[in-house]
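Both complexes below contain subunit A, partnered by subunit B and then by subunit C.
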Partner chain A sequence: MTNNSMEANRPDLLLIFRLEGEAFALSVSWVHEILDAQPWAPVPNSGPFAPGLINVRGAVVPVIDIRHRLGLPPARSERTGRMIVFEHVIDCVSHKLAFNADSVEQVIECDLASLEPVPPLGTSWPQECLRGVVRNGDELVILLETETTFAPPTEPFVAA
Partner chain B sequence: MHLTIKKKLIGAFAIVLILMSGLAWVSITRLAGSHSDLEHLVNVTSKNALIAAEMEADFIEIEAAQAEMLLVRGDAELDVFDRKIKERMESLRKHRLALEATSDDQVRAQLRELDTAFDRYVELEAQISEFLHADSAGRALAMSQGVGEEAYKGLLAGLERLEESLPFGVSSAAADPAGLRNGLTTVRKAVDAARIAEQSALLQEDLEQRKATMATAKTQFEQAVAALDSFRRTNRQADTALVASAVEALADLQTISGETAALALSNTSEQASALFAGPVMSLIASSKAVLSDIAQHNIDAMQAETQLSAEHYTKARNTLLTVAAVAIAVGLSAAIILSVSIGRGLDRAIALVRKVAAGDRRVDTSHVLRDEIGDLMNEMKKMNDALGEMANAAERISDGDLTVKVTRRSDYDGLGMALEKMIEKLREVMEGATVSSAAVADSSLAMSATAEQLSQGSTEQAAAAEEASAAMEQMTGNIRQTADNAAQTEKIAVQSSKDAAESGAAVAEAVSAMKTIAEKINIIQEIARQTDLLALNAAVEAARAGNHGKGFAVVASEVRKLAERSQQAAAEIGELSGKTVSVSERAGEMLQSLLPSIQRTSDLVQEISAATREQNVGADQINLAIRELDTVIQQNAASATEAASVSQSLATQSDQLRGLISYFDLGANMSSSSSRVPSRQGGGAQAQSGSSRVSTHRAQPERARPAAHAEEGGFALDLGPEELSDAEFERHQAAS
Partner chain C sequence: MIEQATEAFVLEARELLTELEALFLELEDEVSASRIDEIFRALHTVKGSGSMFGYTALSRFTHHFENAYDLVRSGQLEVERGLIDISLSARDLMVSFLDLGGDGPEAEALLASEDVTRIVNQLSGLTGQSCGEARPDQGGAHAVEPGDATCSPAEPHGLRKFRIKFRPALDALRNGMRPDLLLKELEDLGKTSFELEISAVPRLTELDPTDGLIGWVLEVETPEGREAIEDVFIFADDADLTIEEVSEETPQSDDVANLQAEADQPATPVSRPGAEAIPGTVGTPKQTSTAKSESIRVTSSRLDDMMDALGELVIAQARLEAVCEEVGNSTLETVVEDMQRLVMGLRDATLSIRMLPVESVFGKFRRVVRDLSADLGKDVRLLTEGGETEIDKNVIDRISEPLVHMIRNSIDHGLETAQERADLGKFAQGTVWLSACQEGGEILVSIEDNGKGLDAEAIRRRAIERDLISAEADLNEQDLHQLIFEPGFSTAEVVSSVSGRGVGMDAVKTTIDALGGSINVLSRAGQGTRITLRLPVTMAIIDGLRVRLGESVYVIPLSAVEECVEMDEAENARDSGRSLIQIRDETVPYLELDKLFGQEACPEEGRRVVVVRVDGMRAGLIVDDILGQGQTVIKGLSIYHRDIPGLGGATILGDGRVALIIDVATLIRWAETRRGQGPRKAA
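Right after this comes the complex of A and B.
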């Protein structure tokens, strides 16, 4: 696990973004780039997990509906906010994926040792997607578990 | 004897009329004689000449008909001419009877001569007619060509048959056939020659030749008979029947030819022509000569009658001329005598009337003759005397004596009535004038006082007008100042109106500028957003670069902060500019709504200014008018003074008038009114002395009234209005 070895070396860098006012974090090492929100081309019969595709500098990237994944209500408008493109390894092959965020705040340095687990009763979100909670100032930031969050659904999730 | 003009005129006209009737009787008698002469000339003599000429014409017609008759053949045509001749004869007989009835003995003897000739002619005519009807030559020709030809042809046929019956050759022992044929040919030749001779005889004119030719024909026939006879004897075998028929035919032909010759030689036409050319022509010629004698006789008679008529005319003319000369002489002398006597009398009367018309009454009205002119003169004398009376009356009136009595001479006497009326009216007028002059004197005094009063009133009026003028001038000054202020206000208002319009435009400009700023701010915001994005990406990149990217991460973070700040500032600016736009838009709207009010205010101020200017002009005019009024009042004051002096002179004039009126003597009853005169003069003198005039005027009516009542009825002087004016005068005095 290269990730773990790196974590030992240096403090982890997290990208903080917001959905419905809540702050979420994502490890910067997987983030490819941040784009302005843009409309995606819907893929017929694609299901709610990855409803469409976008074009990122010539590469076709599937768009993940993270709100649906996290059991949040659908966005009021697709055009606002940012789009985060990141790399994800599925079956040892790196894929580029994208999802919409209301806004992208900043990159913070965070020691993952101070990661606190999410209390199981504290949220209605799917537990397997949450890695833990980090403090950023006074605010609590939820660190997403990318492995599970962006894994294609093998079995239907229990949606909220 | 009273020999009037009327009687003279009647006498003269009677003489002239008697002469005229004589003249008429003579001319009627003469005209009747001339008329009977003319009638005889027209009805008898000229008619007889005409009848004679017609009879001559009848004879000529008969002659012509007779001549034509000789040229025609045939009973029908001859009958036509016969009838014509008979008609003419009838007309001749009729004319003869007519001529005998109106002719004298000489003509009757000639007519009897004509009768014998006529009777002879009738016999001859009958003979000629008979001869012509006989027409022997024509009948001979007809017989030769009709019956003769037929017989001839029959003979020829018989001879032919006979020739055919003869045998040919020498079989016949009895006779030589050639000799027999020669015999027949001789017969035929002789018959032919006889026919030709007969025909030519019929065509010959001369009687002797015709006789000779006829004889030749007869000889030829005899030869033919002889030849036929010899043929019969030599040819015994010949058909006896045929020979007998040929002999018979020849005999017939010979007989017919003999008859024809007899007819042709009797020659009746020649006899008729001889008869016509001889005795008939001579008879007709003698008859025509007799008739022309008769016509000449009648023409001579006509000339004689014309001569007689001319003699009658000369006689009648001389008689008429004599009688007419006498009538003219009598009429002329009577006309001259009468016209001279009447003309003289009338000339005198005209001269007299002309003199009287010119007013000269010294005229001589004596007249010698006792006729109408004399009567006229007498009447003129009477008229002159009557005029003299009138003239005397008029003379007395002219001397001022109005007591004179004039009586009209009749109901139509215009002059008399006019004089009567004149005296009456003059009396009335003079009485009225006396009274009126007294009234004029009184009134002139009153007028003098009134004029004085008027003068004073005018002076007061002038003072008031001057005061009004001063007040008005002050007012004019105020108005002028107001006008100046209004003009300034107007300028300011116009300026503010313009400024407001400009401010509106400026606000609109500001609004648009603000809008531009807002747009630009959006661009800045977008840039800030992009910068933020870039900074984020840079931070991500730096993070991924690990320790090497740490510095870069710091820079990226800083850049991102700056971008955030600039975005925030831009957002604030955008908000502010949006607010400013809305505020300035509102300001613009408010200014726009304010603009009409300002404009209206400006307009109103301009109107006020104009009104004030007009007021200024009006005030000036009022001022001018007051000044003119002042002048007029001054003039009125002067006029009033003048009126006072005029009324004085009027009083003097009325006194003079009274003096003039006293020239007329109106009788005794007018003396009381004329006695008033001196007291009036005293009143007039007092009126000029100013302060005491009121009491004087009061005193006057009291004095005047009894005097007026004392006069005869109809002169009640009403001095009420004068009292009224006195009262007013007092009030004015109190006011001043």
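Right after this comes the complex of A and C.
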């Protein structure tokens, strides 16, 4: 995994969304659309990483469980909040993916030069998913490293 | 206009070259006059139209080739292996010329290249050898018709003078004809002088500059005969053309043919009365033009667009049906039913356009086998079966490379040398069988050889060496064989130029997996190896049976479904580990989909059994309910879900929900491995 494709597209605009009250951010340039939360079709034996599929205007889009990826507790209901649909490039092929956020707040402008690294002791989230911390007013916003956060699990399918 | 005509020429030439390859190979097996004629005509067409569409280098090269087959046609040159070798190489060079996209420095360079020179020398060697009794270029035609001997000049190198009147048809220029190239070709024959004939050119105000109004009166002094000149104009068959020889030696009786073409006999101008004895020659251009009116060429991307649009239409149709059910209006229902019938018809028609017989790829393997057996010094024959089986064009395009690879493997690693075979008491000639057939919703393509088979022990050693299995792994022979599909595996002890690069079979497997197919190898030491590919007939739209499992909807491809029966309530409650049901007087094993899919079991009453057939075996799938059947647009699964066994894709239902499509074959195979009967995970 390299970060090159991200570096080439330095995000200046960040979309802020919340999970368990924490503010996370994603580069706006990758975001496709934001939908109301909706039930997804569960994929049997898929494991917790990408448990389901939704229909986004005729396209079948995998739903990624970002809470599980970050080690957060499961959502109380999958029907609340918002669903963020974004573009993710794996091996030069663009994939549309979706994940549930508790809420979507705002788009901020951000100079990525001001990005600070996240001190490993400062969070319990997997370090490889975190790109850095930016300040939005008084609040700290965690910018996610999409490349690693949404990378398909490396272990091949193991029979349940 | 000209670009289009040139494009059409290139397409036609490519088709002819493909045909030629097959014809040469057939000719090697069995010499027949009709094949030789076909070869000659194809060469002649490429030569003639090549010079008209700015492929003169190709045309000049083909000229030598054609000469050789003219001699073959007249029986002066015998068909033997050497000739076929040269012919195939020459054909490949023609493809190279075509690839260069017309005349230019590159084409000239190729014409002057060593390869071309060598082939031309070989061809001239062939024609030269047998030209003792006839003139080098057109000897064939004359030998057939002894009466023509009069028009062969006594001294072959003496110059003859011809006067040619030539005016293209009115719309010929618009159709891409290039008089300049014809004139240039004429100049190649000898010293040429010409006058313009402009009597037909109207006043400037009435002039359409794209009309062919200018004529030429040409005089050529050439050592060649009349045929050479007629050849130059062969494709200007609707032009106003007169050729006469200006010579005291040749009296008027030598048919001063008025070569004004007639629409229904376009080839008459080029065929001398005697030449009509040669079957087929006369009809060529005519056949080509009729074929054109019966079929049209469409780029496959347009077909793909059409298929995409159709996919959307099917989904919209399903939505319409769902709405109609809600509304419950009988007038609307009638319209929706009509719509459904029409969409179905449209779907079938579109799919059938995309279906091609497998033969279209099998054909090119004959060449692969021939070249390879020569390279490796093995005597191999290829037998094919079921070439008429039809598969979606996209599938065909993508299996062609893997098939070539597997055939190479069979010949390189599978088949022994003639000596080894003889020592083993086997027939010295090795055989590779290539066959295709349809079974349910799948196409089976298999490649089989009667060689030495896979060496299970060598595979085990290699797999351990490559860390694919642990040294203690206890695998049976069948499982060891499947390891050849693992990434980074290669058993070739000698790395030959042909295969043994270690990227082979796993690349094949990746391609087949991506198509939603599966691959399986069966091998017996000393007897041979058979690799079977199971491929979906189409990758786009299938007929599916919608079933309910808890709250989820799944689609089972209807092609795999044999029947649906009710689940026996007593059987439903059984928890003994037995999973067999009685259907009429047959015992059928069944799978509980909810358990396989890890859904919480909430046993419902009135469940159904969908009986499917896989690998010739019947099995039941237990579902909560059957919802109905309909067309299903297959959407591929993403990298996150692709490897899950039993799932063949997803689709969007009429109500907008996503449903998963069950891949019955992998589901049942996976269920078997879960029972501990099948191969263990290699890792």
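We take it that the second predicted complex is superposed on the first by the 143 of 160 C-alpha atoms of A that agree within 3 Å, B and C clash if a C-alpha of one lies under 4 Å from a C-alpha of the other, contacts with A are read in each partner's own complex, and residues count from 1 in each chain.
The criterion applied here is as follows: contacts are C-beta pairs under 8 Å (C-beta built on N, C-alpha and C of every residue); 3 or more make two chains touch, one makes a residue touch a chain.
Nothing here was measured: the structure is a model prediction, and the numbers come from that model.
Engineer: Since both structures carry subunit A, what do subunit B and subunit C do when superposed there: clash or fit?
Structural biologist: In the arrangement built by aligning on subunit A, the partners subunit C and subunit B fit side by side.
Engineer: What angle, in steps of 10 degrees, lies at subunit A between subunit B and subunit C when each chain is taken as its C-alpha centre?
Structural biologist: 100
Engineer: Per the contact definition in the header, classify A:31: touching subunit B only (first), subunit C only (second), both, or neither.
Structural biologist: A:31 contacts subunit B only, not subunit C.
Engineer: Is A:49 contacted by the first partner subunit B, the second partner subunit C, both or neither?
Structural biologist: The second partner, subunit C, only.
Engineer: Which partner does A:62 reach: the first (subunit B), the second (subunit C), both, or neither?
Structural biologist: second
Engineer: One more residue to check, A:104. First (subunit B), second (subunit C), both or neither?
Structural biologist: first
Engineer: Where does A:117 make contact in the superposed view: on subunit B (first), on subunit C (second), on both, or on neither?
Structural biologist: A:117: touches no partner chain.
Engineer: Of the two partners subunit B and subunit C, which one touches more residues belonging to subunit A?
Structural biologist: C
Engineer: Once the two complexes are aligned on their shared chain, state how close subunit B comes to subunit C by Cα atoms, in whole Å.
Structural biologist: Distance of closest C-alpha approach: 20 Å.
Engineer: Return the residues of subunit A at which the contacts from subunit B and from subunit C coincide.
Structural biologist: The overlap between the subunit B and subunit C interfaces on subunit A is empty, containing no residue.
Engineer: Along subunit A, where are the residues that touch subunit C in the complex?
Structural biologist: The touching residues are 40-46, 49-50, 53-55, 58-60, 62, 64, 90, 95, 152, 156-160.
Engineer: Which part of subunit C faces subunit A closely enough to touch in the complex?
Structural biologist: 312, 315, 552-553, 596-599, 635, 637-641, 643-647, 650-652, 656-660, 670, 673-674, 681, 683
Engineer: Residue numbers of subunit A touching subunit B in their complex, please.
Structural biologist: Of all residues in subunit A, those touching subunit B are 10, 13, 15, 28-29, 31, 33-36, 82, 104, 106-107.
Engineer: So in the complex, the part of subunit B that touches subunit A is made up of which residues?
Structural biologist: The contact residues of subunit B facing subunit A are 529, 533, 536-537, 539-540, 542-544, 546-547, 553, 556-557, 560.
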